[in-house]
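Got a structure for you, questions after.
Letters A, B and C name the chains as they come in the text, with residue numbers starting at 1 for each one.
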């Protein structure tokens, strides 16, 4: 793995205003710095409201930080673009387009010719298992299938980095497991740099090379842990591995501390 | 669990299966038909048994007889179908003009807050105004020709379409826009490939409503010195206390409005099948 | 036991109350009597100015305005008015539709109060071919127009007839949307002031035996309950006609001032009507009495109106009664003349 950062946040501060003029806002991010190397799969772990989604939105270019810089390959990020693909918690497919047209949205916007992207589209549709549903429309699919289509859609333009904001959070446990396996399978063929936000510790340990744990508001990176398990990973084997339990215990400890802090601050 | 097992769990949602009998499918239409039939029976009895003065409420039998007369000898020497055609033509011309001008203006208002701020005071003031109140002014401006009638129908549909189109644009979800942005859509593409298709269901609904409103303005329009048309027929017959003709005219007007709406619903189902469905 | 006794007592009390109130109703004068009047100058307005109707009845009179005869029919159907003064042709149409009203008098025969005003260049009825003529819907003016065209053997299909409210006619005239209008004052005077010229008056129809007139029509239910009121009404009307005949100028001034219209309009309209007295109305030359009404001129005129309206498709032929005599009640005229 190259040590040159593809994605970097340097000392980023971000504050959201309160609901009305004059009411106190809150400091969402306070001096957040992180870096992703090429091909890394990094999970951002933390409880609700700690700013994980904010980091993704900043990287996607939807918001600008109050202080600090965001860099892609050394160049500052200031607007959304196809080199930073994103998968949201809701599939957010376009209901007026078929699955195939949804998946090929990126190349079509870029003006590519159909010959160029149709082969890739077929490949991705097969990768996510939707090759028989290419002409279906989103409302005809289940939640899991829609998210698979959203995955293919974000991935087809071959982005430099994939930002994933709790993409499996809305799915049931079984589907979630299947999607995690699907994700790692595809990732192992493309080795795209991925920043994956979740609050599920098992999910983070299964997917990531590195786990970043965020503190409660104001958000900052509290701890960073390497996930040493070799790929391809099998959930059954992982669970039996004693190192898994220790790692999970360590993470849970930190997460619970942060959770307690945020609860206390709310109660106070 | 293996990948294939997991995927097997995420099959396509099955089409809702009608396990119940055919009866369930026809239950509601049957109830509707039954209600209408009951209503007609009570109405007919009210006339036949003289519960109500036939002058005030002619029973269906008398209206049918009148329909027969009008079909054979026309109303005021003009065949009934001609009155129907004239009214429909007046309305359709005004609708087409209202849609062609109202949708672009509404879309622009949705996209440009400045334009919206400029036009909104007028649109919001004129829209709830009963168009009948405008008749004296309209006569002075447009005279008593077809222009006046066109304008009255046009203005009611137009204002409604403008408001609906603006709302349809404003209602696009931020999530969809953001998804398109991360896929590389530029500003123009965001409009043509996201905002516009996203707006279509609401646009259609707005057009449906506006045409309904425009159709009800037909009577106001035909109060302006007409001597043909269904609306004129209703008003003129009223001045001779021909309540049978009035009711027949009302039924015809109602059925035609219902038909327009039905056509639009079918078109909507065909062209915008994703209406109301999430993704 | 107590319950039964209480029940009986309640029953008796209720019976007594309704009987008493019924008797009371039969004798008492209504709180309000509602007249329907057009906004134009008419002799009975004198009775509005000096409240002589109110005094004669012993109750308040509410004067409800209308635009044209068609409105009167609607008001009668809705039971919103008790007595109306309006045109013979709309009355004929209303009676054909079995409106529960009866004709009680013919106060005015239309002579020059309704006229056909046309633009320069139109000198006769024949010149109207290819032109647009306006008239109020279902009015004596419309009727006079249609009959005049027919009698003059002009091609009706070549004339565009337009139903307009009298108030809309001046604007349409100014915009050149209409070439002529058959209507009453003050609208006729307005058109004449804007370059219009009279080419026909309803009086011109009389030589062909066509009578166009205004009638007093009463709601049957009201008349049956208050026959003496109706008789008093006719008597007060006659008093006002006498008052006008004694001092036409003074009466015109009063009416013009009250209605806020030009004195010329008031003067010419009032002079443009013929006023048969109560006794004259009882002769067969007009309505006739109970014995002679079947063959009287007015009764026949109603039938002619209705037949004509059926010809142009406004009235259903099947609705026209055998004779309009059944809708005319001369008993009130007789009571009024007898002074009861």
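Everything below uses one rule, namely that contacts are C-beta pairs under 8 Å (C-beta built on N, C-alpha and C of every residue); 3 or more make two chains touch, one makes a residue touch a chain.
Given the structure is predicted, the values throughout are model-derived calculations rather than measurements.
K.L.:
Among all chains, which one's averaged Cα position is nearest the averaged Cα position of every protein chain shown?
P.N.:
B
K.L.:
Name the chain whose C-alpha centroid is most distant from the C-alpha centroid of subunit A.
P.N.:
Relative to subunit A, the chain with the farthest C-alpha centre is C.
K.L.:
Just give me the whole-number Å value for how far the CA centre of subunit A lies from that of subunit B.
P.N.:
Taking the average C-alpha coordinate of subunit A and of subunit B, the gap between them is 46 Å.
K.L.:
Could you work out how far the Cα centre of subunit A sits from that of subunit C, in whole Å?
P.N.:
86
K.L.:
Mind checking the centre-to-centre distance between subunit B and subunit C? Centres are C-alpha means, answer in whole Å.
P.N.:
The computed centroid separation for subunit B versus subunit C comes out at 42 Å.
K.L.:
Would you pull the subunit C residues touching subunit B in the complex into a rising list?
P.N.:
Answer in residue numbers: 68, 70-71, 73-74, 77, 90, 93-94, 97-100, 134, 137-138, 160-164, 168, 171-172, 175, 177-178, 309, 312-316.
K.L.:
Hey, which residues of subunit A end up touching subunit B in the complex?
P.N.:
Result: residues 60-62, 80-82, 84-86, 88, 90-97, 105-106, 109-110, 129, 133, 136-146, 148, 153-154, 157, 163, 174-175, 177-179, 181-182, 185 of subunit A touch subunit B.
K.L.:
Quick check on the complex: what are the subunit B residues that touch subunit C?
P.N.:
53-56, 69, 73-77, 136, 139-140, 143-145, 225, 227, 236, 238-243
K.L.:
Using the touch definition up top, name the residues of subunit B that touch subunit A in the complex.
P.N.:
Within the complex, subunit B touches subunit A at residues 1-3, 5-7, 9-13, 175-176, 178-186, 189, 193-194, 197-198, 200, 272-274, 277-279.
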